[in-house]
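Some structures are shown below for you to check.
First chain A sits with chain B, and in the next complex the same chain sits with chain C.
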Partner chain A sequence: MSNIVLKNVCKSYDKEHYAVQDFSLEIPDREFVIFVGPSGCGKSTTLRMIAGLEEITSGELWIDGQLCNYVEAKDRDLSMVFQNYALYPNMTVYENMAFSLKIRKQPKDEVDKKVHEAAKMLGIEHLLDRRPAALSGGQKQRVAIGSAIMRRPKAFLMDEPLSNLDAKLRAQMRVELAKLHKELKTTVIYVTHDQTEAMTLGTKIIVMKDGVVQQADTPERIYRHPANKFVAGFIGAPSMNFMETMVMERNGAVYLEADGGITLRVRGENEMVLRRAYLGKMMILGLRPEDLQDEITASAHQICYEENQLKAFVDLREMIGAEAYLHMNTGRNLITARVPSEAPVAVKESITLYADMEKAQIFDPFTEENILSLPVEKEERATA
Partner chain B sequence: MKKVIEKCKKAEVYMYLIPSMVIFSIFLFYPFIKTIYLSLYKTNKLGEAKLYVGLDNYKSLLSNPSFYNSLWVTLEFVAIVVVGSMALGLLGAVLCSKAFPGIRVFSTSYALPMAVASSSGAMIFKIILNPTIGIVNKLLHVSINWVSDPKYALICVAVLTAWLNSGINFLYFSAGLGNIDDSIYERASVDGANAVQKFFKLTLPGLSPIMFYTLVVNIIQAFQSFGQVKILTQGGPGESTNLIVYSIYRDAFFNYRFGSAAAQSVVLFLIVMALTLVMFRVEKRGVKY
Partner chain C sequence: MSTIATTIARPKTYSAEELQALHLAMNAKAKRKKMIQKTALVTMNLIVCLFMLFPLLYTISVAFMPSGELYTMAMNIVPKHPTLENFVEAFHKIPLVRFVLNSFLVAGSITLGQIVTCSLAAFAFSFLNFKGKNVLFMLVMATMMVPGEATIISNYLTVGSLGLLDTYIVLILPSLTSAMGIFLFRQFYMTFPISLYESAKLDGCGNLRFIVKILMPLTKSAMGAMAVYTFINAWNMYMWPLLVTGSDSKRTVQIGISMLNSVDAQSITLMLAGVVMIIIPSISIFIVGQKALIKGMFSGAVKG
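What follows is the complex of A and B.
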């Protein structure tokens, strides 16, 4: 059991600039938490503060009800996997894995049993006598994970453990990590800059930028209801399309008008909020590539209306496999759509697409916040 | 014609080696061969070989208790110096491996002995160890005549030499510590290791490649110590600090027995070479990666 709480944790190296600012988070037991963000956003720093490798400038860190700001790393009972694996070069794989138990003076036969169990689980039994220098990247990675799971720590901390692996191995290890989390039933705190890893592994994702938490939520909600334009653009590949639009009301319905003669009717909750506070204002419309659909897909989803139709000029068709990415322009805006690869598309010609406006996100151009994520009071104040 | 050009090109390669070979020959190869040659002769006072005596110089050396004393004293001396200077260097390097304010002052002072000439070091020690005005006696509230007492003289010279040699060891070990990846210490911290465990399980093994090299250099260097003995004790009291190099010097330039001195030089050379060869053999077992 473990319960990790961070309260207004800050990290500053020069007392002027904050690497991490006001980080508050409660991590219940068995959660797979992902810190994700571009490089330099403070995600690794936060992890290292939890591990005890960096001092906390201000704020509190509680592990299992104990204030841990000044507890030494060795006494926090956590285990960590490093980006460069940090294997002890002078020890064999066996000694590497046994290290954390040996220094705790556990009986030899017990250590031996645990090492073999973990090695079997990770498929590295045949490597036990080798030294790290004689291992490939993937094998090193397994040894690092193996060493981490020897104990049953309060939480596993992983600092970009897959970023040194090639794409195929990374995908494979991703699946194994997810399995491992299920088997070990322990909290995992995982740092990555790769949004695919974040989406596939996490039960909770913390998106960070410039040391500030942008959104902390489940992968589904982060994807479908990004709190602001940064989260919307960072999560999802290819990333979300953004268009500057003007909010208009016509015949009782709310429309967004964008450059290139695009007029889209707003639906769902967005319509209500826009009507209340934003008529006649500039807003940013965000549409995921898969929510821009070709005619066949759109009619299957029954969204083929004239009021959510848009025309764009196809610059490039990128074939991925089952689907293809269309890179297009609508005059000023460059947009990307994700369509089935069998959809008939002529490059360097105009195409008609249908936007799934139910899933559209609308952002305030100044604060870049999602208009739906604004607190209710704020909305009411705006209406009044 | 082509062949001539090719031959010239081959000769060119050797031309580049000539300057260093000339210097080596004058200062290394010639004296070395001349020493072996001299060790087989009786010489006059100018050091000219006069009478071929074969191995007689060696025979009289091996039947001379003073020579065995020299050997024994040298071994004791080398043991103290090597252990002492390596421990000092390692301690300094470990202390200076962390960044803290004023680190440069500390690392400079730990490396400083390297820049101190052995004779000036000996002069400093002579004052420090002076029985009436020396700071050591004042601090310890004793009145020991350090360099004139056969019990302490060798230790004094050895400690001085250890300190003099520790500077370069500090540099070697600092470089070695810099080569150890910081993240393994971080992992060890999270794994639950304390500072002592980290030192013995990570730092020492991590230094093992450079440790071996330093050991070889230190042993050779210790065998060749001369200046500090010359200034501090002149081989005495009695023969208690008569290291083999000093004994060679004495035989050659006080007693004008160049043949005997040359024979001792050859013996010293054989001992150092044998030790070095043995150590290179053992290296593979000591160095872990």
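What follows is the complex of A and C.
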């Protein structure tokens, strides 16, 4: 059982600039929390403050109802996996894994049992006598995870554990980490700059920028209802398309007009929001690449109307495999669409696409906040 | 040459024998060139080596000369009648074995002491965070700027007033730590991955255990370099032992050797025999430790 609470935690190195500002978060037991953000956004610093490797400038850190600001790192009962593995090169894999238990003076046969158990779980039993220098990157990472799980700590802290691995191995370890989390039933706090890792692993994602939390929510809600333009652009690959649009009313319907003769009709709840306060104003429209669909896909989704049709000039077609990315321009705006790779697309020619306006996001150009209210969580759960 | 020129101009097919002959001829030329280069390099090295080693070689040579042979007008580089008499006499005239043992004791203790104190201090300077760390480190570094001669009198008066003169303690104590050693260790520790320390900390490992179990085993080469450097320096100490020791029982070997000179003016050969004997330990330590010394000095210079 572990319950980690951060209350208005700040970190400042020079008393002027804040590396982390007003970070508040409650992490219930067994949660897989991901801190994600561009480099220098304070995600690692926050993790290190939780671990006790950095002092907390102000704010409170509670672990299981105990104020931990001034508790020594070794007494917090957390274990950490580092980006560069941090294995002791002078010890064998066995000794590395047994190290933390040996320090805690646990009986030898018990340590031995636990090491073998963990090694079996991670598939590194045959490596126990080797030294870290004789291991590959993936094996080292497994050993590092192995030494972290030995103690059965209150929570695992992972600081970009997969970023030193190659792409294939990373994908494989990602799956294993997810499995491990299910098996161990422990809280994991995981730092990454890779949004794929964040989306696939996390039960809760904290998106950070410049030391400030932008949004803390489930992966689905972060993807479908980003709180602001930064989150919308950061999560998702290729990233969301943004277009400056004018909100217009014509014949009783609300339209968004953008450069290049694009006119898109807004319906439903979104229409109500726009009609209430934003008519005649400049807003930023955000559309995910998969919500710009070619005719075949769009007709399958029954969104083939003239009112959400747009024409764009295809600059480049990027073949990914099952799908292709179309890089296009509509005059001033550069946009990307994700279409099935078999869709007939002629490069350097115009193409007609249909926008799924139900999934569109609209941002205020000054505050960059999403003006569409997030659906209430209860409702979403009921529909899901 | 002409055959090659014609091939370029007009492609012509060669028979297998012709090709092999051509191959051999061109190979021989390349081989000769390489040989000449190598010979030139080795010769040059030998000459420079001889130049640098001449004083040492001449010392060894003189140590085997009867004293009569040295003081002639003839240029005697190699002894005509080599003799071991000098060595035997040196042993008889002064208690050389005692001196060597003293030197070993003093140099050994200093080396051990410096490794312990310097590595602990360097650990604090590179891994721990405390107020005034940089100022303190600057102070330590500043002591390197003060020449030993400047403090030697006040040091003498201090140990004199403590009643420590003519003891082993007075030989060892002032050299138990050194700014140079702290600096050397600190530079080495700075390249040590900090995440290992942090990981150990989270594992529940205390600072002392971290130093003994992880830091020291991983910085063996730095310690080796430091040990060789310190030992040789301590072995060659002259001024301080000369000042603070008075009796034969505490004298180190460097002072002892000069006693050979003072007996009579004709004893250069005798003294050099003594010198040859006492450089054996320091040279052998250097030979044993040179790998560690070089590795330690250069580690961290290039990633690898």
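What we mean here is this: the second predicted complex is superposed on the first by the 372 of 384 C-alpha atoms of A that agree within 3 Å, B and C clash if a C-alpha of one lies under 4 Å from a C-alpha of the other, contacts with A are read in each partner's own complex, and residues count from 1 in each chain.
We adopt the following convention: contacts are C-beta pairs under 8 Å (C-beta built on N, C-alpha and C of every residue); 3 or more make two chains touch, one makes a residue touch a chain.
Keep in mind that what you see is a predicted model, and the values were worked out from it rather than measured.
Engineer: With both structures lined up on chain A, is it a clash or a fit for chain B and chain C?
Structural biologist: clash
Engineer: Look at A:R317 in the shared chain and tell me whether it touches chain B only, chain C only, both, or neither; answer first, second, both or neither.
Structural biologist: neither
Engineer: Considering only touches as defined above, state whether A:R275 meets chain B (first), chain C (second), both or neither.
Structural biologist: neither
Engineer: In the overlaid three-chain picture, which partner chain does A:R131 touch, first (chain B) or second (chain C), both, or neither?
Structural biologist: First partner only, chain B.
Engineer: Applying the touch criterion given at the start, work out whether A:H116 contacts chain B, chain C, both or neither, answering first, second, both or neither.
Structural biologist: It touches nothing on chain B or chain C.
Engineer: With the two structures laid over each other on chain A, which partner does A:R221 touch: chain B (first), chain C (second), both, or neither?
Structural biologist: Neither partner.
Engineer: Chain B or chain C: which reaches more residues on chain A?
Structural biologist: Partner touching more chain A residues in the overlay: B.
Engineer: Once the complexes are superposed, what residues of chain A are shared between the chain B interface and the chain C interface?
Structural biologist: 51-53, 73-74, 78-80, 82, 84, 86, 88-90, 99-100, 103-104, 147
Engineer: Going by the contact rule set out above, which residues of chain A touch chain C in the complex?
Structural biologist: Checking each residue of chain A against chain C gives 51-53, 73-74, 78-80, 82-84, 86, 88-90, 99-100, 103-104, 147.
Engineer: Spell out the residues on chain A that touch chain B in their complex, using ranges where they run on.
Structural biologist: Interface residues on chain A, with respect to chain B: 51-53, 72-80, 82, 84, 86-91, 99-100, 103-104, 131, 133, 147, 157.
Engineer: Can you name the residues of chain B that touch chain A in the complex?
Structural biologist: 181, 183-184, 186-194, 197, 201-202, 205-206, 208, 288-289
Engineer: Taking the touch rule as given, give the residues of chain C at its contact with chain A in the complex, in rising order.
Structural biologist: 193, 195-196, 198-205, 209, 214, 217-218
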